[in-house]
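Chain IDs A, B, C and D follow the sequence of writing; residue 1 opens each chain.
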Amino acid sequence: MSGNTFGQLFTVTSFGESHGVAIGCIIDGVPPCIPLSEIDIQPYVDKRRPGQSKYTTQRQESDTVQILSGVFDGRTTGAPIALMITNEDQRSKDYGDIKDKFRPGHADFTYFQKYGIRDFRGGGRSSARETSMRVAAGAVARRVLSEILGNHVVIRGAMVQMGPNLIDGDRWDWDEISNNHFFCPDPKAAIEWETYLDNIRKQGSSIGGVIEVTANGIPAGLGEPVFDRLDADIAKAMMCIPAVKGVEVGAGFATASYSGPDNADEMRVDENGQIVFLSNNAGGVLGGISSGQEIIVRFAVKPTSSIIIPRMTVNEKGENVEIVTKGRHDPCVGIRAVPIGEAMLALVLVDHLLRFRAQCGL
Amino acid sequence: MSGNTFGQLFTVTSFGESHGVAIGCIIDGVPPCIPLSEIDIQPYVDKRRPGQSKYTTQRQESDTVQILSGVFDGRTTGAPIALMITNEDQRSKDYGDIKDKFRPGHADFTYFQKYGIRDFRGGGRSSARETSMRVAAGAVARRVLSEILGNHVVIRGAMVQMGPNLIDGDRWDWDEISNNHFFCPDPKAAIEWETYLDNIRKQGSSIGGVIEVTANGIPAGLGEPVFDRLDADIAKAMMCIPAVKGVEVGAGFATASYSGPDNADEMRVDENGQIVFLSNNAGGVLGGISSGQEIIVRFAVKPTSSIIIPRMTVNEKGENVEIVTKGRHDPCVGIRAVPIGEAMLALVLVDHLLRFRAQCGL
Amino acid sequence: MSGNTFGQLFTVTSFGESHGVAIGCIIDGVPPCIPLSEIDIQPYVDKRRPGQSKYTTQRQESDTVQILSGVFDGRTTGAPIALMITNEDQRSKDYGDIKDKFRPGHADFTYFQKYGIRDFRGGGRSSARETSMRVAAGAVARRVLSEILGNHVVIRGAMVQMGPNLIDGDRWDWDEISNNHFFCPDPKAAIEWETYLDNIRKQGSSIGGVIEVTANGIPAGLGEPVFDRLDADIAKAMMCIPAVKGVEVGAGFATASYSGPDNADEMRVDENGQIVFLSNNAGGVLGGISSGQEIIVRFAVKPTSSIIIPRMTVNEKGENVEIVTKGRHDPCVGIRAVPIGEAMLALVLVDHLLRFRAQCGL
Amino acid sequence: MSGNTFGQLFTVTSFGESHGVAIGCIIDGVPPCIPLSEIDIQPYVDKRRPGQSKYTTQRQESDTVQILSGVFDGRTTGAPIALMITNEDQRSKDYGDIKDKFRPGHADFTYFQKYGIRDFRGGGRSSARETSMRVAAGAVARRVLSEILGNHVVIRGAMVQMGPNLIDGDRWDWDEISNNHFFCPDPKAAIEWETYLDNIRKQGSSIGGVIEVTANGIPAGLGEPVFDRLDADIAKAMMCIPAVKGVEVGAGFATASYSGPDNADEMRVDENGQIVFLSNNAGGVLGGISSGQEIIVRFAVKPTSSIIIPRMTVNEKGENVEIVTKGRHDPCVGIRAVPIGEAMLALVLVDHLLRFRAQCGL
């Protein structure tokens, strides 16, 4: 399997560069007879789409997703579903410093080292534009999850830290997510972040952040015991989002400081005979397998490397130079990572759901 | 692909339960003509082996690895290499509380939910005993890396935090690793940890920790741009180690607070015409591809769930009960995660090295 | 891995239905820096394109292949290459009997059984139209093979039997292939087949055939010993072409009647110190691995099931009915299987070449 | 995925050489709670075991299969099942001509070309001994098929041609299979074959054969439309059996001579409302998907290359030499290919059954 496919049974194979003809993907293994149309997909893609506020890159594209195959009479046929977005804003332009200099902290250098060739136009394959296809595929994954498990499956994400500024968890309100530009669940933090990020943006700088994504309504039993643990596949899913440098599940890094008794999520049978947990340090995964609790994952997004503040670097000729990356860039790429993180979690869950159905029936 | 295989080209397929006949693995895709014998493997397995100090489980087994196939006249033949450790200490015994109660924070519950059956003897497949095969396979991976890349490839790990106690990075000395029971690179911290962990152990409690693993001598170019990023595969590799709850690469979660200029690892051409980086926040991976810098990964290990302090739980019949896990358990499973983390990193690197050779030549 | 992907390292993932928006594929794992443009692909696709003579379906489409990604400045970048053909001739029409009756010998019935839904327009996913993408991907595979192995790699096919009529092997002339409508290497047989097939066509019937495909210039060493034998992967590659019912390598089924001494391809060292074989019953594969001899594979193509002569069948309601398949159909689908067989062989060979390079270096 | 693993969801990963410590395999993806013990496996392995008549190699080994993992209290746990046979008859001996000469028609040459090293003891990895693990894994596959589909699933094989001598299909009697040494369903042919093969054996020669394997009780819907067609995966499964040179499904190569009307398996609804087919040229597979009819596959096995009659060849030094292969060899390896073919068919079917369950439910 080559590196542009994600998943084992519900697979997403992706293609496309920032300034090529189109970007797209093929989703294979989709169960048949599931109602699906572009309307199920476009809203998610729009959440990730740039140019919607001053806090994201000003690239202007409608990012209209088209279903090319695999759907007939409004239902999936079991055949592969190809999705495509035609690139509109790909006119030739002056790529300036990017063309032959390596942005520090960027894939420019390693692509060139690996392949000996580099599509520098807008970052080529390394552009975050590629992630819109993950979001589109994630929307299909959500449809499948709901069809098989019911509509109580909810996968959603929030930005919980921007730069050094954390939200106050006590103010967490999912309804606030759509009331600000940051997918921030804490309305007070959201207001503070506006000023903070405006300042960053005006400096031509950038800043990192932390995203939390959760899934509710996932039954116990998804995941494999040894290598393909649910949390291991989630870790890969998040870490393969551009600019992500860390992933944690449940209490995550904090568990390093916990004692055994504190960490153990104790269990009780409630009055209805249901097994309940008294805490969720595990983040919904025990021994690599979902426990039926809420699945919780957080990931850290570094600041974008495309900044106006000059940095020292080298060029393709091996000379010492300085680089300034002009153009349209996100001051905080973490913001748009929220819908991507949701999509990646949906992809992991649907894949493991089908794997569960294969081995254990349903 | 089923869930007990790791890797794409250099694959490790694992089997075995804590108290079954044997544990073992099959390593496939090994390049031919590489000198290999049990002597290359056993020392690494011994590092992970329990019963070596009072800080690890007192289970007594020699854990002798046997090569069953794939080696002829002291060299690999290109055929799959099967490794096996016969279980010695598998006598029937009283499994006490474990037999029908679910340890909070343990795989007991989710295995039962998933499979409807559970080999409770020593935890069955969920036992950390399984990881000795990863260490053995990792030793073979090291041999291959050295053969192809040269002997300057060094993969090594250290415990950098025990419970809330961090090492002092300024005192880091790799030579100290073997001078204490904790793979601790800070001799002062190691002494303090002895007292600390002794106390934990005597309480019948347990504690978490953080491990750092690094790889030197890895060339630029390993990894794939989108899904199979080198750091994403590393994240999966570490998160699939039992009890791991978080993974970060390079500066990791700290980058969330960094500004773009601070995060960027600036580059220079040195006097020898070599490209050098002025920092390594990236941890050796840019855009999912190795940069030639040191690869740095850290992961958090939660405290073991097998503790003597009583916890509330339920049993297989769905009744509220209390559980006390007697027997031989590690007060800090993070310690033995050090050689496992090294092995997992070696497995990811050798797999991507072969993938690189396939696509780009070498 | 889902069922619409072919290959392990050089992978082709395909999508599209006969009367959908488009058909296409994503080729992943392509080595970088290989010159490539549509001009390298279109001629092969044109060989398979229908409507070129009265002996193939009269569907009229230009079948113009477009490269959507993975190529920059005329060279491959190592990123996935997406290819697409927009469907032109997909206007709504009367699908007649096909819409709710199952053609005997056709996928209509099994698709409906499997998926519970069926895109009946032109056969949907089961249309041979899908194979044009295999031919396009095969053209890319040829470019890679030539780039790595040199231009002496030649992969070509011929029709060696139409219905009960075999060619005379003594008259085999590769140059004749392009002189007739049948890819027939025997000019005398080609003339006879014209009359024969005209007759079949006028009856509204169809007929089967046998195709032979060979590869020259392939070095020894490609293939894996046990499951992923080169000949096993070739067998799969040919058997997954629509309508193929049998595959044989080298002397094939005839070897069942051979004695050991007769079957053994004896070897000699020639005057140049080169190892030569005195025969090639093996068809270039020994123990699953290429020997350096010419690779020879033959496959049988059944007659198309879409015929005007009425047949008994059932419909979706489970009623006994009669079916007549009007429309544009090939009287001998075997003809157009020649470029498909060549493409599939190229795909297997390039995949195993990259696998060889991964494990053994090159 | 490396080359020693078969299957996508129900995977078999194999190891071992003829004269190594042991041969074995790991079966992963096995559904849980299925009753299983060595008694379910050994009888099938015994059918393939050599030394049972003068018509198979005289190597004497008990070939006792041991389950190492994945079974608890007599039922599968969902964990990988490792099987092993310890090699008993591996004493060092004089390997004579095999040690440095290449047997014509044998893997000796290609292994050496590929790997640059060769375990010549008994053929090493290329020994047919490896196939006993396929038979063992096939026995587990049968158990799973029966558990999910019911006991009416029957997979069985027969030898239908030895050298140029075909059975008379009108005399086919499955009960005769166990009454002769050849798995021959035609009692008259079986008697004739005794004399025939005795003669071959006494000459120190060998002969080929054709095997037919069928599966009954397989529901419609297994298989994927494009690449992973059920018949394509069956073709690979049979062609990867050592010495197999051709595979056909249903009427196979004969369909090349069929007209469309003759080839079409017409369908009717019978008095019970069941869909029935009036013929089975398709061999139970339409469009790559099972139709519910009997699945029929035939494959040709070439004569073994290990013969006493001298042949011309070369040695490792590149010199012209003559070779005589003394020792224990089968005059007709096709005989023992019968249980192997059954096992491979069972493995393909169980894998596609689980794939079906994943995508379409069950």
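Operating definition for what follows: a residue touches a chain if its C-beta (ideal position, glycine included) is under 8 Å from a C-beta of that chain, and two chains touch if they have at least 3 such contacts.
Given the structure is predicted, the values throughout are model-derived calculations rather than measurements.
Asker: When contacts are scored as defined above, which chain pair ends up with more C-beta pairs, A-B or A-D?
Answerer: Output for the comparison: A-B.
Asker: With chain centres set to the mean of the C-alpha atoms, which chain is at the far end from subunit A?
Answerer: D
Asker: Averaging only over C-alpha atoms, locate the centres of subunit A and subunit B and give their separation in whole Å.
Answerer: 26
Asker: In whole angstrom, how far does the Cα centroid of subunit A sit from the Cα centroid of subunit C?
Answerer: Taking the average C-alpha coordinate of subunit A and of subunit C, the gap between them is 39 Å.
Asker: So the centre of each chain is just the mean of its C-alpha atoms; given that, what is the distance between subunit A and subunit D in Å?
Answerer: Each chain's C-alpha centroid was found; their separation is 46 Å.
Asker: At which residue positions does subunit A touch at least two other chains?
Answerer: Touching at least two other chains: 1-5, 8-9, 14, 29, 32, 78-79, 114-116, 125, 225, 355, 360.
Asker: State the interface residues of subunit D toward subunit A in the complex, per the touch definition above.
Answerer: Residues of subunit D touching subunit A: 1, 9, 29-32, 78-79, 225, 354-355, 357-362.
Asker: Note which residues of subunit B are touching subunit A in the complex, please.
Answerer: 1-6, 8, 14, 102-111, 113-116, 125-126, 130, 161, 163-164, 200, 205-210, 220-229, 231-240, 242, 245-269, 273, 275, 278, 281-283, 285-292, 300-307, 309, 311-314, 318-320, 334, 355-356, 360
Asker: Any idea which subunit B residues touch subunit D in the complex?
Answerer: 1-5, 8-11, 13-17, 20-24, 26, 28-29, 32-33, 66-70, 72-73, 75-82, 114-119, 121, 124-125
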